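Heads up, the next two complexes both have chain A, just with different partners, chain B and then chain C.
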Partner chain A sequence: MSLQQLLLMRHEWILIASVLILLGFELNFSEEKKSNSIVVAAILFAIVTLVGFLPAATGSIFGGMYITDPLRILMKNILNLGVLIVFLQSGSWLRTKINYNRVTEFYLLILTSVIGLNFMISSGHFLMFYLGLELLTIPIAAAASYDQFKSKSAEAGIKLILSAAFSSAILLFGLSILYGASGSMYFQEVKFSVDLLQVLGFVFFFSGIAFKISIVPFHLWTADVYEGSPTNVTSYLSVVSKGAAIFVLILLLVTLFEPLRQVWQQVIYGTAIFTMTIGNLFAIRQQNLKRFLAFSSIAQAGFILLGVIGGSALGMASVIYFVLVYVFSNLAAFGVVIAIEENAGKVNMDDYNGLYKTNPRLSLVMMLALFSLAGIPPLAGFFGKFFLFTAAAEGGYYVLLFIAVMNTIISLYYYLLVVKAMFINKNDLPVGYFQSDYFTRVALSACVVGILVVGFYSPVFEYIQKLCFNYFNL
Partner chain B sequence: MGYQYTIWIVILPFLAFVINGLGSEKLPTKISGWIATLAIGISTFLSYETAFQYFTSPSGEKIIAFKTIWLRFNDTLHIDIGILLDPISVMMLVVITTVSLMVFIYSQGYMKNEGGYDRYFSFLSLFSFSMLGLVVATNLFQMYMFWELVGISSYLLIGFYYDKPSVVAASKKAFIVTRFADMGFLIGILMISYSTGTFDFEILTKPEGLSFSTTSTFLGFSTITWALLLVFMGGAGKSAMFPLHIWLPDAMEGPTPVSALIHAATMVVAGVFLIARLFPLYSAFAPHALGVVAFIGAFTTLFAAVIACTQFDIKRILAFSTISQIGYMVLALGVSGYGGEAALGYTASLFHLFTHAFFKALLFLGAGAIIHAVHTNDIREMGGLSKHQPFTHILFLIACLTIAGIPPFAGFFSKDEILAAVLTTHPIYFGIAVLVAGLTAFYMFRLYFIVFWGKARNYDHSPHEVPAIMLIPMILLALGSMFTGFIPFGQFISSDGQPLVGHINWPVAISSVVFALSGIGVAWKFYMKESSASDNMAKAFGSMYTSATKKFYIDEIYILVTKGVIFQMISKPLAWFDRNVIDAFMNLLATKTNWTSMQIKEFQSGQLQKYAFIFISGVLIIVLSFIYATR
Partner chain C sequence: MNILIAHIILPALTTLAIMFARTQKQVRAIASGGMSIQLILSFVLLYFFLQERANGNDAVVLFAQSYSWYPSLGISFDIGVDGIAVAMILLTSIVIFTGIFASWEVDKLYKEFFISLIVLATGVYGFFISLDLFILFLFFELAVIPMYLLIGIWGSGAKEYAAMKLTLMLMGGSALLVVGILGVYFTSDVEGARTFNILVLGQHHIPIEMQRIFFPMLFIGFGVIGALFPFHTWSPDGHSSAPTAVSMLHAGVLMKLGGYGCLKVAIFLLPEAANEMAWIFIILTSISVIYGALATVVQTDLKYINAYSSVSHCGLVLFAILMLNKTASTGAVLQMISHGLMTALFFALIGMLYSRTKTRIITEMGGLMKVLPFLSVCYVIAGLTSLGLPGLSGFVAEMTIFVGAFEHNDIFHRVVTIIAISSIVVTAVYILRVIGILLMGPVRNEAYHDFPKARWFEKIATTSLVVSILIIGLMPLLLSDIIRDSMGMIVDKLVLK
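Let's look at the complex of A and B:
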């Protein structure tokens, strides 16, 4: 195997190198200087992100176990952007007294999870896929219980690891059925057909990925884990980990499971309706903003299924574009929640009353983020939803589309509740004025720029669309 | 030499508006008046230059001095913006800039001690800009835009003293009434452009180039007749024709120079200008619409003149007089034909518009000078002012003689042409017009005698003559009133561009002068000395007199129709439907959504074993449904 072939795994190599470098620093830092890892990790990951955008060769290695192509590279880059923002936003939290001497652990866990994520997206073999999935999940379970003195955090960790183990079991069961039916684990070799055994295997397999995306009825862990985990882990879970699962789902559906198109379209049709509706109905009543964003992200996943269901190049492009927009919008919202939690220790909607008076800039960022999530033009979120809906209309799913539009109205209601709290509601004791640290401000500015630019600058969508059409024509 | 510079006539006042509007905080207060006056002064000079250049060159053609596409929808449908020069627009440029300049200068004295000096001049500049843009419009749509701009600036200026409730009510009334009329105008524009495919005046005013179906479509009138009637509705709103005149008397709540500029000389004649602009269309395709125009004009002129005889507020008398005079112009247009001698009415109407601008502006500025001195609008509290304000007295007398139609003042010539035009076509209207000539002389001299002669009242302080900065514009306008009558107007302006030789129609002239003189005589008899004759007259007419003082209860009828009929019968049921059906349905949806949300909260119990149970149930349900479906 030549060096050139090994370089196809550039994303993964450089991540592994980062982990090793970070470990090296960790060992050499004195006890008081541990928090220097924050800067080191941010710089390392900025390099990772930048290198990801350099032009790269494509192909497959290890006999087809590992695949890379322009579309997969794009997906990894989008998720890298998300991880970078998460890293920037975690600085102030990690500097607190409880955490400062175990800062590096957080980064090591997240970086390991990102390695798993990259392998999962590039997998060309069911086992590779499974290993990537587990590597993605298990470090996060540890990170979810990072707040060692909070029982909620421990609860989140244990709930995540148990639910994940449960869903993995079902996924593995599905895999073994699929292997039994087709006789191979390599994606290039398996040929599915519609018979009951393979449908069974597919449904089990699907539920495993659906668990990661929080599709109803496989979503129940989401709210508890999102609420209990440290907010930075929550934002990673809701954006990066979920985005990766969506990418893998759409990649596999349109190639590997193409023969089962009839089946998965029906499955997605049903689950999409439930996911949007249940997510919204629960989001309406939430007071805790972390739970609120958890259910809102479930509803968003339901909208994403609208782009998946058509299984067309346009649908795929709309899904990738939406995830890109969602990375910026959701991380902006989480960034504000994190900043306020760190400075005032408050996460309830009532605490946000009158925020505009004391912290106008944060309120404006939050408003932009929520408007983008709700899909109000001319923000990026509007175009994201618009393309998803176009894809569904192209497939002729008008009833589904109608339900989706109804759900956007409901979602508008609860997103506006937060905006109303910040701008209109009065409060005798509002959150006091504070200045967030430099990293957070950079991260939030990046999100705002993303929300505005991705919406207005049409070449972004055109580029994604071009890659998707190429992928389909292979 | 081209006419490209004419664009500056329009742009300069706009610049003054922007500078005064934006820089009001930073500039010294008094400078705003000078900026605005300088801008309109240059505009005036350029207008005179344009008029000289245009009327001395042999051709009476339409010239497009400037044109650009503003909004392009497709190749055929686009909205242009530009400058069209033809005899009437050039004439209007002269009138508007002249009167504006006089009013701007006058205002510097009149408004000296008022708050909001810079706001006043910025609005005034906005008005001049809009009015100039309106008259040079190359197409109906541009005209409509500036028409609305004129409306809004009029609204802003009427409401200048916005802390008085009556002022606010008056400005709202003016805006709503004219807006209502403009709705008709807009529909008319859309109908015309729909059937012709163009907004452009160049094409629209060449009747030979157009063809309309004149077959009747709705209620016996053809489409084009309806369209032009609706356009006239817009014109009637701005020009305060019956029954849309009700806003003009109330608009007198604004500062007096504003009344002189907007509600006497320029904006209120926009309706006349509009009909004149589209006259070829009216004349060729909608003789019925012209009949309606003539009838409205004749009725309004008499109606307003009668009311003017019974009012006591100096500015309202002038307001009704304005309505009456515009009625004259509209009547003259209504009876006019197209081309040749038959088109005398067209020329006469615009001639009267021209002269009226001078003497009516002078009357208002004079009234302003009087109000400035005695601080009241009620003529019963005035008297003997000829001693205190000798210059104003002389100037006001000139204006009164002009409007009464006494030779050799300008009003005589223009009114004579109108009467001559009406006589040849409609004898009944002629009777009305001559009667109105007498009434006009009567009410103007009633005002004059009461205010300047009569018995001197007890003034708080002795009334004083106004400063030179206010007198000079009045003197210039008085010169205009005295001498503009000698302009051979028909040489320049006629319906078809061919010179029309005007000559005095002696029988008409003599009869109108006799009526005017007898009006003056009656006024002298009644009001020169304190006498009971006028009260006896009033008693003799009884209820007729009372209803005239109440302006024939038109306002009350409007209140009845809007409050009693529209609000009660239509708005309230609609509001009920909106609240109890539409809103209630929405509320129902919202409560149901909330209720469902409450019902399903048990799913999220926090117990992991339940989650696992639901997870596996979900998988099984999907699998079972496939097994069931494939079986």
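Let's look at the complex of A and C:
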């Protein structure tokens, strides 16, 4: 195995290197200086992200276990952007007193999870895929229970690990059936056909992934885990981990499970309707903003399925583009929630009443983020949603499209509730004025730029679409 | 630079400048200055347009420009105007110009107020100039959303309820539009690359089964904002809770997006289904017309009176469009302009009266003619326009519509036309009732004598609207010719089988 070949795994190597570097720093920092790793981790990950964008060779190694191509690199880069923003936003939380002696550990856990995520996206073998998925999830369960003095945090950790283990078991069961039916675990070698056993295997496999994306009816863990986890972990879960699972799902559906297209289109048709509707209806009643965003992210996953169902190049492009938009929008919303939680300790919607009076900038960021999530022009979310709808219409799914657009109205209603709280409702004791720390401001500005620019700057979508067309024509 | 692009760049620059303004005075100066230039620009546009036509340029749209945006999906920033769009742009400029002066005294979060107001206007301009369905839809939604904040923050009464209701209903309409637009995009038999361009789509055929599905979606989608019965319920609540300038802009211009969209998108792109299904919507619009008028008679709140009469008048716009002939459709556009000016004048005056009397209930007021002669005379002019007095713009519009409607000589059209015409009588009832109670008679309250006279900014706002109404009333051919010219493209497609 030559060096050239090993360099195909560039994303993973540099992540592993940064884990080691961070560990090295951690050993040399004195007790009081632990918080330095916040800066080191941010810089390291900025380098990781930048290196990801450099042009790279493509191909496969380990006999097809590991695949890399321009599309997969793009996916990794989009998720890296999300992780970078999460890192920047977690600075203020890690500087708090209770975290003084465990700053680096947070970054190590997330970085490990990102390594798993990268391997999962690049996997060319079912076992590789499974290993990546586990490596993605298990460190997050540890991170979810990071707040040692909050019982809810411990609860979140346990819930996450139990439901992850459960979904893995289902997934593995599906994989073993698929292996039995096709005789191979290499993606290149398996050839599926529509028969009962393979459909059964696919359904188990899909359920396993659906847990990760929190597609209804596999969403029940979401709200509790999102609420209990530290908000930085929640934002990682809802954006990066979910995005990765969606990417893998669409990659596998259009290649590996192409012969089962009839089957998975029906499965996705049903789950998409339930995911959108239930996510939206439950979001209306939420008072806690973390739970609110949890249900909103379930509903968004339902919208994403609209791009998946057509199984076309346009659909794939719209899904990837939407995830990019979603990274910016959702992380901006979480960024504001984190800032308010850190400075005022409040996460309820009532606490946001009158926020515009005291913190106009944060309110504006929140408004932009929510409008983008709701799909209001000229923000990026509008373009993202419109392209998803286009993909669904391309496949002729007009009824599904109709249900989806009706759902956008429901979602607009509850997003407007937050806007109303910030701008219209009166409050005698609003959250006081505060200045966020430097990293948070950088992260929020990056999100706002993303929300404002990605839609107008059409080459982004055109580039994604070109890659998707190439992927389909291979 | 293309004059059409200037129409959306200028408001954008104005909002940007307002962001950096410090005092209320600066904000007012920038807003009024920017919108004055915009008004001049619109007149220049009209002048250029007439010039081009006089020089024999008979292209369907003028000042056309196309910038590729999302080439792989066939989305491009296609702009261009025909006579209808020029007329609507002119209307928008007049209303936003007067709206700025009518909201001169907003002092709560004034910066944000003017920014939202002008963003809303930008959306409207963009809507009228775009020739690409995607861009059109983008601007449509852009015009709807600032409404929520404008009503929610600066409104009065049950503002939060009204703002939410209005936003959700209008967005519900635009949700139907998404389905309709994508349906048109994918089912039209354009060869090669697909496109959102309205003119290109208009030259191609869409299978009739598909037209039957998507025509109602597009028509209702636009109809919601045009106050089509039974989707009009946002209008009374929304208009009565909104601050003055927002009511003006909303009833004056935004409701016209509905009629314009129905005409230029729904009917133009799906003519066969329009022919087939027109009767359903004719019934609905006749209900709008007569129900709106009757509901007005029993209202006592000035804003509700105007809101319900807007439902009636805008119903007449959609009614005329559905007559599917050149005369009636021309009348529809004239009615849009006439109603836009008139209702803006009404709402401006209501705002000015309210700032003095602190009530909008007509039975609590009386004899205003003696204490506020200037504003009262303007109110009477607006009222007379509303009931269609010759010499004012309302007469021209309604006359054209009913002449067009009578071109159909079957029983159904005759009956609905007579029903619609009878609304004029009801209009006379409620207008004269309001004028009688509100303006005539003895002065109800001694304190009324201390009312400040009309101030300069109030005079600017009302005078420019009154003048516009008179010009259209006395010289209707000025506009109706250019509108009629452009109507050909749409109506010619309707002559089928």
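In this text, the second predicted complex is superposed on the first by the 474 of 474 C-alpha atoms of A that agree within 3 Å, B and C clash if a C-alpha of one lies under 4 Å from a C-alpha of the other, contacts with A are read in each partner's own complex, and residues count from 1 in each chain.
Note that a contact is a pair of C-beta atoms (placed from the backbone, for glycine too) under 8 Å apart; a residue touches a chain by one contact, two chains touch by 3 or more.
Only a predicted model underlies this, so the values are computations on that prediction, with no experimental measurement involved.
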{"item": "Clash or fit, chain B versus chain C on superposed chain A", "value": "clash"}
{"item": "First (chain B), second (chain C), both or neither touched by A:E394", "value": "second"}
{"item": "First, second, both or neither for A:V267, with chain B first and chain C second", "value": "first"}
{"item": "Partner chain in contact with A:F204 - chain B first, chain C second, else both or neither", "value": "first"}
{"item": "Partner chain in contact with A:R72 - chain B first, chain C second, else both or neither", "value": "neither"}
{"item": "Which superposed partner A:L281 touches (first chain B, second chain C, both, neither)", "value": "first"}
{"item": "First (chain B), second (chain C), both or neither touched by A:Q465", "value": "second"}
{"item": "Partner chain in contact with A:P377 - chain B first, chain C second, else both or neither", "value": "second"}
{"item": "Contacts of A:F166 with chain B and chain C, given as first, second, both or neither", "value": "first"}
{"item": "Against chain C, colliding segment of chain B, chosen among 168-176, 348-356 or 366-374", "value": "168-176"}
{"item": "Chain B and chain C footprints on chain A, overlapping residues", "value": "413"}
{"item": "In the complex, chain C residues that touch chain A", "value": "69-73, 134, 138-139, 141-142, 145, 148-149, 152-153, 159-160, 164, 167-168, 171-172, 175-176, 178-179, 182-183, 185-186, 213"}
{"item": "Chain A residues touching chain C - in the complex, by the definition given at the top", "value": "314, 371, 376-378, 382, 386-387, 389-390, 393-394, 396, 398, 401-402, 405-406, 408-409, 412-413, 416, 419-420, 423-424, 458, 461-462, 465-466"}
{"item": "Sites on chain B touched by chain A in the complex", "value": "590, 593-594, 596-598, 600-601, 603-604, 606, 608, 610-612, 614-619, 622-623, 626-627, 630"}
{"item": "Chain B-touching residues of chain A, taken from the complex the two chains share", "value": "159, 162-163, 166-167, 170, 196, 199-200, 203-204, 207, 211, 216-218, 220-221, 223-224, 263, 266-267, 270, 278, 281-282, 284-285, 410, 413"}
